Amino acid sequence: MSRTITPDSMMPYFGTVVLILAGSLYFPQILTFDYLSQQLQIAAFLGLLATGATIVILLGHIDLSVPWVLTGAAILSTALVGSGNPVLTALAVPAALAFGALIGVINGIGVAILRIPSMVWTLAVNSILLGLAVLNTGGFNPKGEASQLMVSLASGDVLGLPVSFLTWMAVSLAIVVFLTRTPFGRYLRSIGYNEKATFLSGVSTPSVVFAAFALAGMCSALGGVLLAGYANQAYQSMGDPFLLPTIAAVVIGGTSILGGRGGLFGTIGGALFITLLTSILSVMQIGDAWRSIVFGVIILAMLLFQTMRKGARS
Amino acid sequence: MLDYIRANRREVIAAVVLLVLLSLYLGTHPRGASTYVMTIWANQCLILGFAAIAQFFAVVVRGIDLSVGAVIALTNTLASHLLDGSAGAIGFGVVAVLAAGALCGLLNGLIIVFGRIQPIVVTLATASIFVGGALMLRPTPGGAVNYDLADALTLDIAGIPTALIISGLLVFAFWLPFRRTGLGLGLYALGSSEQAAFQSGINTRLIRIAAFTLAGLFGGAAGLYYSFVTTTGDAGIAANFTLNSIAAVVLGGVLLRGGVGSLIGALAGAFILKTIASLMFFSGIPSLAQPLFEGLILAAAIAIGGADVLRTRNRLEVFGR
Amino acid sequence: DTYRPECFVPAPETSTISYDAKEGPYKLAFVNGFAGNDWRIQAIQSAKAWADRPENAGKIDTFSIVSVGNDSAAQIAAIDNFIAAGYDAITFIAVNPTAFEPVIRRAERAGTILVPFDNVLDTDKVVQVNESQKELGALKAQTVMDILGGKAEKILMVNGLPGNATDRDRRLGMMSVLEKVDGLEIVEVVGNWDTGTSQKVAADALATHGQFDAVVSQHGSAGTINALQSAGHPIVPMGVDGENGVRMLMDELDIPGVSASQAPAMSAIALEAAVALLEGNELPQTIYLPIPQVKADELEAGVNYFPDLPKSFNTGTGYAECFPPFSPEEISGQNPSNT
Amino acid sequence: MTDPDKPLLRMQDISMHFGATKALNNVDFACKPSEIHAILGENGAGKSTLMKLISGVLQPTEGRIILDGRDVRLTTPRVAQNHGLVCMFQELSLVPDLTVRENLLLGAPGSGLGWLRSEALVKARDVLDRIDGGHIKMSARVSDLTLPSRQQVEIAKALMRKPRLLILDEATSALNASVVTKVFDLIRAERDQGTSVLFISHRFHEIEALADRISVFRNGKRVETFDNGDHSYNEIINMMVGQRIEELFPPKPPARADAQEVLKVENFSWDGRVMDISLTVHEGEIVGLGGLDGQGQGAFLMGLFGLLRTAEGKVTVAGKPVSVTSPKAAKQPDIALAFIPEDRKTEGLIQEQSILENLQLAAIGLKDLDASNPGLYEDTLERLELKHGGLELPVSSLSGGNQQKVVLAKWLALKPRCLLLADPTRGIDVKTKTQIYGMLRRLADQGTAILLLSTDYEELIQLCDETHIFYAGQLVSSMSGEDMTAQNIIAASLNVSEKRKVAHA
């Protein structure tokens, strides 16, 4: 665990603090508990997705099927709840998670067995899921809504802290424990660095890849469940705006896009930072063009700062 | 001949897949293989073709360019301001648009090389900047492009679609000679083994910057050609092109690990991808099932390239390097 | 006078267009852009429902629908393909309003009638079907200002997708009303026509700007209402879109205001217009469909909103002035003759 | 210019530090014109580092490099090559995805980013032909070539650049004796035309045969430079390791009559590349696998470790028939195989991870084994005297020999019943070799079956109790005891052995 708290992974936390302080010069309300806890609530959606993405990126891969796994999970869970049947309602969240895991395994098969680059295989899986969602909505139009559980997961709070944030933290903690206390975590990073050597050390690398993608799929699905609970409905392409911010959150958190190096601690900071940055740019009512430019420049600046810090040291 | 096929197996598979899909498309098309139909097809294929070439130059040096779409959007919106008026102004406009693309790529390259950041991450950030620039140039779609020039480049010459002629020129007048230059060789060397390239006395920084500049240049070409086909500027086109360009190069047999593949493959991959989409027009597949079928065909086409793996006898071979 | 002006309402100062009549049955096509959102899916379903109705089915030889994604070059190619295949009329939702000049010329030469709708073109050469986006925006803004008695200090405006002409026009429509209000502070956020995003940005605006006197919003308004609710914001007048879920919330929470929408059933009107043109009728060049709107106090379950359907369902199932609106079953394609 | 006493290249007070590691420490070194200058030293002595400084891959932390009496700054390999300093690297500088022709042209003199000039290829072709590389096609992809062929191409590539100073850093490690002879002839010819040569090898007889002068390095310092022949073999070894090495190879115990069979392989075949191999390893035995590179012996080892699909045959470990389908299955306690792959850098270790993490990788996840218990590795590491700056440092901070020790320790922690070693001592210095040999012998005594693939016939003769020679996928000859002579092994490797002729007659 201590190894995951590196200077790189601290960067987004500093960035977040700077953002809050700088933003509060324009809007003192930014320093209020309400605003900040709201950011924690919203960051949880991105954070859960980024948690899954971190696992896959540590493995040296990337998962571009996040948007429609999220959407699919949201549609599935709300459809089950919408059926009105209490059993199906109770099954909504587990079913969504199972769906995420299933898609994860399909991703894993393409990547680990067929050896297709994850970047294109997950992209293809994403478009198949889109196709299924379109076909499905055309077919029977399930009446959908979020269950009480989903709503409270997304919008409830405990002692003033948003439940979504607590859920995110709980999931992160569970995964951190899983990554540090079980062979899986070691295998994951080892594969990220060097899959061949890991395989030759007697590790069943395909199962690790399956498990990693399945975990990531479950994280995306949980994100979808929460988002459906937040908006109290599911809708098509609800996941599309999340794809690139998810990757940005992971790399800003100091996880190497090449695999192996990094961890969830940084990702949490990355998700907080990206959420806050988006929010502040939004409330400052900067024009669309500038919003986009400032977003890019700040991310670039963070990354350059990370490498410059390393450069200065060596 | 057999040796050639074996050495260029990936490109050959891509070409065969393309031919099959194209004949399916022409077979289902009520109008059949006419100049008009071929022109329509070739035009949109070539736009993605340029985008795929842009992606190819990034991928061949073991990078990924997530800003391809953004560069296309930026240059397309720029073109919608510059490609109308006198012949001189238009000529300047064409050069300026291509230069703008190259400049974007150069910026990517400089940050990647001197900032020592992974290309995928750099271009993720610069994409956002370029889209911002495009939105500034065209807050909403609009502008105009000289119709005569647009027609000249998007219709046909003596019954042959201009887009196919351009594709041919790209291959024979640009790529094949380019492949015989130090730069062309250096790109592959860098992508295949940076250490070996460096120890062989190659200026790896320069080559990497050049690769991304070329990526930007071809992104600019895609934006330019997009302007000719649509005669307008639109800042909202970025997202599709980026991911499609990656899918296209993979379909065309370019390995994302760098060092393998060719511009011809990238072009073929782009043509395949667009032909898959075109197949839907007269396929008779129910409209709401079309996206699913598109996704399935894409997955199948990608998996064909991966099927090789199942034949390997040595489990270590699948790991590559 | 143009054909059926109660339905094909001419836009102010528009010209008229007619073509030589053609013998039916006709080959028709609908070229959609992106398929993966609820509105577009419903537009496809509405078009199919229209084609399945017996009074229309007899006039149709072939009816094809394709979705090409957010790429105007692909859309141009699709239209060109249908022109090349000898289709009589093509309706489409333009990915980009200015990209179709050359296609229009080619269609003209081939004798194919183009009828863009929803996202229309910046041209006067073809008949296009839409609601006036400026009017739609203005209607929402005007309604809330009327409820407030013309006075307000702070209003929240949730915009749609940046860089889109429809978004631009709706915003301009809203601004045309709001700018005239003295001392009004307008807080604009970008909701991307997406419920979740709208909810996020509205929540941020509420946390940083405090209370608003009214809210005007584009597609995705359910998110905006959710945000208001969870911030404990008092009920204020709202001008919102027409998704099922929004109307449910409006009725449930007694939110004053108006729900006015771009109806996906517009796809059917475009086909109706295309057939009218093929039959030789004269139509206005720009048709502004009557905006389907429901004032808050007129909301009624089962009539203008449907608690049994998904919240993302778009309530705009038709334009009563043109033909009986589709029933939800018709739209969801539950009838067997379904291609 | 060719004043024989005026050095071509002088390095003055050169230091090279990698973080805390002092790879070179105030080294003075000179190379005269027209001489073959051998560099000797243990693994990690700093030889490669020195070469990298000369060839512009690295820049020294301190010190001057003087060429023809003038200070030069060798900022990139390009600059060095322009000065005529050409290096054949230990990690080959060939690009795997390009063809031989393209590799030769890559960065060749006169071709920048513009049009490639292929005149110099004539020279390369000539060099290839002269060192038995006639079979290497210009259009072949380098990744399809065997390691020896690649080394041949690398030699051609270096000579094609008309070097004034040619550096060969373990350039011939994979070549067989007859090719090496031809390479040496070529190098001598170059020397006679005025080229200086720096030559690094761990094979002492090569140095003896080729060098004019010898410099010995130890711990980042040059210990001494002398003419070839001035010192005996033993003296030189002592200079290298700083202590006396009495015996390189441990004594062979006498064969035990009652020795149990530990590993038995019957009729092992795979894909037409390994055919019908049967062999047995008894308790206390080390069995060698020899032959020219790529005759199927490597594939055979991989097959035993479950790396080959569609492999056929029967394998028995400690009396129980086993079926090994993957490395994971192979390492389970009921089978307990261990495989030390040939390429330790990319297959045996994960360079970016720490030494400790690498040690644990095979053991974690195994039942009844606590991978985090340092005691599992301590014994092996102590016996092999791993030199390291801390187990938490990345394994890449170790020199090759020490990396090999980590690979061994990682697998020995699992107490394997059967150890498969693919050329474990390639490029490893004398002292480390001694330690590894001793270790292997001890393991054999304790009942571990050891299969040792080696390209070094000394090793087969001195260490192994029995040796099987592979040729074209077949086991063409098995020898033990007195039969194991250099002549017999070489003859069998080339498949001209007397025995075989008899068998066919």
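Labels for the chains are A, B, C and D, by order of writing; each one numbers its residues from 1.
Methods note: a contact is a pair of C-beta atoms (placed from the backbone, for glycine too) under 8 Å apart; a residue touches a chain by one contact, two chains touch by 3 or more.
Keep in mind it's a predicted model, so treat the numbers as computed, not measured.
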A-B or A-D, whichever has more C-beta pairs in contact: A-B
Per Cα centroids, the chain farthest from chain D: C
Between chain A and chain B, centroid-to-centroid distance (C-alpha), Å: 29
Centre distance in Å when chain B and chain D are each reduced to the mean of their C-alpha atoms: 43
Centroid distance [mean C-alpha coordinates] between chain C and chain B, Å: 34
Touching two or more other chains - residue numbers and ranges from chain A: 130, 134, 137-139, 196, 199-200, 288, 291
Multi-chain contact sites of chain C, meaning residues that touch two or more partners: 35-36, 41, 44-45, 162-163
Chain B residues counted as touching two or more neighbouring chains: 135, 139, 288, 290-291, 315-316
Touch relationships between chains, expressed as pairs: A-B, A-C, A-D, B-C, B-D
Touch list for chain D against partner chain A, complex: 19, 307, 326-328, 330-331, 339, 341, 346-353, 357, 360-362, 364-365, 410
Chain C partner contacts - residues on chain B that touch it in the complex: 29-31, 34, 36-37, 40-41, 43-44, 47, 135, 138-144, 147, 150-151, 154, 226, 229-232, 234-237, 239-241, 274, 277-278, 280-282, 286-288, 290-291
In the complex with chain A, residue positions of chain C that touch it: 35-38, 41, 44-45, 162-163, 187-190, 192, 194-197, 199-201, 203-205, 207-210, 222-223, 226, 230-231, 245, 308-313, 328, 331-334
Residues of chain A that touch chain B when the two form their complex: 64, 110, 113-117, 119-121, 123-132, 134-135, 137-139, 195-196, 199-200, 244, 247-248, 251, 256-258, 288-297, 299-300, 303-304, 307, 311
Sites on chain B touched by chain D in the complex: 3, 7, 180-183, 185-186, 188-189, 191-193, 195-203, 206-207, 210, 259-260, 312-316, 321
